[in-house]
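Structures for review follow.
Presented sequentially are two complexes of chain A, the first with chain B as partner and the second with chain C.
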Partner chain A sequence: MSKALIQYICTVADNNLILGQRLGELCGHGPNIETDIALTNIGLDLFGQVRSYFQYAAKLEGGNSSEDTFAFLRKENEYKNVLLVEQPNTDFAYTILRQFLYDVYHIRFMEHLQQSNDETLAAIAAKGVKEVAYHARFSADWVRRLGDGTKESHRRAQQALDDLYTYTDELFHHNESELNLVNEGIAVNTAQFKSDYYQTIHAVFSEATLQVPDQKYFLKGGKKGIHSEHMGYILTEMQYMQRTYPNMQW
Partner chain B sequence: MVIKLENQDIDSRLLPLLDAVNDPEIPVLSVVQMGVVRSAYFTAENQAIVKITPTYSGCPAMDTMAVDIRHALEKAGIRADVELVLSPAWSTDWITPQARQKLEDYGIAPPLSAEADKAVLLGQAKIVACPQCKSKNTRLISQFGSTACKALFRCDDCLEPFDYFKCLK
Partner chain C sequence: MSEMEIKSLEERFNQRIANDEKIEAKDWMPEKYRKTHIRQISQHAHSEIVGMLPEGNWITRCPTLRRKVALLAKVQDEGGHGLYLYSAAETLGISREELIEQLLSGEAKYSSIFNYPALTWADMGAIGWLVDGAAIMNQVALINTSYGPYSRAMIRICKEESFHQRQGYEIMMALMNGTQDQRDMAQDALNRWWWPSLMMFGPRDAESPNTEQSMRWKLKRKTNDELRQAFVDQTVPQAELIGLRIPDDKLKWNEDRKHYDFGDIDWEEFWQVVNGHGPCNKQRLEARRKAHEEGAWVRDAAMAYAEKQSNKPLRVAV
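Now for the complex of A and B:
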């Protein structure tokens, strides 16, 4: 039971961890100071939630495990984040579209996790859902501005949407650890808000004058630990300090 | 005797000590006035237990607050354990009226109600008063400001930029 729960916590937390790492890469590199601060603040919120998740997982696992061992000392195939969040910051439009596609999912996910039979997960979600509401407002606002902005910003936003849309379906897949926990009322059954998710993002795309891609085939794998090439590079940078100086603290 | 301050449950012997510990990011407010301290009491072994809750999940000030609280109590000869609790989630409603005034005096516009906050952040309403000149002719520059809990505004009358404490509930 607790093993499946730890697996599930990682499945949930890894999305935040990897997206937070991607946003952290933008620190000092945002297109202007306001968006730079906004994106890194969003990353900070995500990391804050990750710490709560991993502290809980470490408590369940016991022994020498800690939030850091979960964050920094697992192998690539042990990370269960969706492929969407590991996609690179190709340009500002990609960063915003990736964020938007995740935020709209994240806010619904947290609303449901608040009802979890697991008290700790419900408490983390009750806290986090308020933060995610700000993230979703920020990214939706920018999707509209880029899509309905200049010819160039529209072109780039459409390009980013065309490329990233293929990763959205995976948000609604369940891996084995999740299925049992869904039945116990602990894990969120994401299928129940899938149509609401697509309706919401499509409405914003329409306001942003962006065309919804005619997608028939969606990419998946992250939730089973099968990642894109990007993941290795992310982990190399993220894990460097703990691998080089084991157990270091600051 | 345990005194009640809003919905906090703090032992009266610990209250003055905790009220002297300031929020490192907003040094005019104490951790009690911010509503960060949820409860504080003594165990049978005369050890103090202080329960604190984060304003935002990723608030980097939490670790500093925990250390500052432990130091302040140690100085008074009290052994303290500081525990982080997540539930119930912190809300800007917990900031006391005196604290709201202090925020404004310090140059941070205090949080509005949830509905007003949304209208403000969507740029639909001009109701955030500039803490410098009190004009409401202000506008949002960025939803995310110098810390996770604040947004950045500018006053179009006195032209000063200022922080607005975002509503969280």
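Now for the complex of A and C:
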């Protein structure tokens, strides 16, 4: 049970970790100071949640594990984040669309995780839900601005949506051990809010004058540890210090 | 306005500063006072924004989650300071767009220290400890400066800077308590950042033409050399406490002066970097230009959207 729980915590936390890492790349390079600060702030919230999740996982695992062994010392196929969050910061439209597609999922996920039978997870969610509500407002506002702004911003937002929509379905995938935890009332049954998720994002796209892509095929793999080619580079950078100088205190 | 009237306004203005009264945005002020303040406040704002780059360079590579969160928060604070200071400068009748244009065209200066590269994790410690430490020396004095919006900005900024300085020192302390590799990394960072930090206080007093006027306006409370000496006196014991060696063979406590004597600054290097030929001048400005140019369509979209919004119904809740 503990092993399955640790595994579950990783699938939840890794989404935040990798998305936070992507947002960290942008710090100091935003289109204006306000958006720069806001995106950094979202990254900070995500990393804050990651620390709580991994501190809990380390406690369950015991031994020499710590929040940092979870964050920095796993192999690529041991990271279980969805493919969506590892997609690059191609331009501001990609950054915002990626954020929005995740945030609308994340807020619903956190609302349900608050009801978890696992008290620690419920407490992390109760604290994080307010942060994530802000993230979703921020990214939804920007989807509207970009979609219904200028011709150029509309074109870029539509392009980003067309390219990223294919990664949304994976947010709702469960593996077998997760389903057991769902039955025990610990893990969130994401199927419960899948249709609400799509209704909400489609409503915002309609306000933003964006076309929902006519998508027949969806991409998946991250949740099983099979990532895109981007992932190796993300980890190379993120793990650089821990790999180069092993077993040190910082 | 007649010359007599201007003269009397100017006398009253000087009297108010002498009485430690604050000058506010809508008060009358001599044109030179306004221009000097725009120059100094915007230089300060530009330094905060360009200053995000060397540390931003390490956010994706921090060794632990705790350090990553702290560094992100620090760089974000700098963005906040930049925003705050641009707003303070705007009270003097210039727009943020104009100020940014001056930065990107190379017309406006920013602190030269950010034209040095951040090469190792220990540089995050050295920058916080030395660069923020030197910045505080300059800025604490400005809390009592005569221009109200700048003085109030300084109060808030100094609080955060002093937190950054402690954070930087704490990074150095952790390294010095670590392995030989870590101690070497810390010493190497100090070796590279020490002299540029001393240069942050600007040219020697004899070569600083604006000092006298700035002192009268309380835009400067101590001279460059006084501040530099205070920084050396404060920092040397901090280095010794954790076992770091200041890279200066002439550094020695002078019992008569009750100050440290220290070696000569390489003024040739100072002017080289100030005049745009330091190790990273080109890439820092290039990064700012790139962010500005690539952000243009985003800023345009936000404006266009805002204009369309006046007559629209409420939006869907997410």
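In this text, the second predicted complex is superposed on the first by the 248 of 250 C-alpha atoms of A that agree within 3 Å, B and C clash if a C-alpha of one lies under 4 Å from a C-alpha of the other, contacts with A are read in each partner's own complex, and residues count from 1 in each chain.
Simple rule for what comes next: a contact is a pair of C-beta atoms (placed from the backbone, for glycine too) under 8 Å apart; a residue touches a chain by one contact, two chains touch by 3 or more.
Source: prediction; values computed, not measured.
A.B. asks: In the superposed arrangement, does A:F47 touch chain B (first), chain C (second), both or neither?
C.D. replies: Both partners, chain B and chain C.
A.B. asks: For A:A126 in the superposed arrangement: first (chain B), second (chain C), both or neither?
C.D. replies: First partner only, chain B.
A.B. asks: After lining up the shared chain so the two structures overlap, which partner does A:R137 touch, if you call chain B first and chain C second: first, second, both or neither?
C.D. replies: A:R137 contacts both chain B and chain C.
A.B. asks: Which chain, chain B or chain C, ends up touching more residues of chain A in the combined arrangement?
C.D. replies: C
A.B. asks: If we overlay the two complexes on their shared chain A, which of chain B and chain C does A:E34 touch? Say first, second, both or neither.
C.D. replies: both
A.B. asks: Under the stated touch criterion, which partner chain does A:Y102 make contact with: chain B (first), chain C (second), both, or neither?
C.D. replies: Neither: A:Y102 stays clear of chain B and chain C.
A.B. asks: Tell me the contact category for A:Y165 with respect to chain B and chain C: first, second, both or neither.
C.D. replies: neither
A.B. asks: Report, in rising order, the residues of chain A that make contact with chain B in one complex and with chain C in the other.
C.D. replies: Overlap of chain B and chain C footprints on chain A: residues 34-35, 37, 41, 44, 47-48, 51, 137.
A.B. asks: Quick check: in the complex, which residue numbers of chain A touch chain C?
C.D. replies: Counting only chain A, the residues touching chain C are 21, 24-25, 27-37, 40-41, 43-44, 47-48, 50-51, 54, 67-68, 71-72, 91-92, 103-104, 107, 136-137, 140, 144-146, 148-150, 152-153, 156, 200, 203-204, 207, 237-238, 240-242, 245, 248-250.
A.B. asks: List the residues on chain C that touch chain A in their complex, please.
C.D. replies: 49, 52-53, 56, 59-69, 72-73, 75-76, 79-80, 82-83, 86, 121, 171, 174-175, 177-179, 181-182, 287, 290-291, 294-305, 308, 315-316, 318
A.B. asks: Residue numbers of chain A touching chain B in their complex, please.
C.D. replies: Residue positions touching the partner: 34-35, 37-38, 41-42, 44-49, 51-52, 119-120, 122-124, 126-128, 130-131, 134, 137-138.
A.B. asks: For the complex, give me every residue of chain B touching chain A.
C.D. replies: 54, 56-60, 86-90, 121-122, 141-146, 148, 152, 166, 168-169
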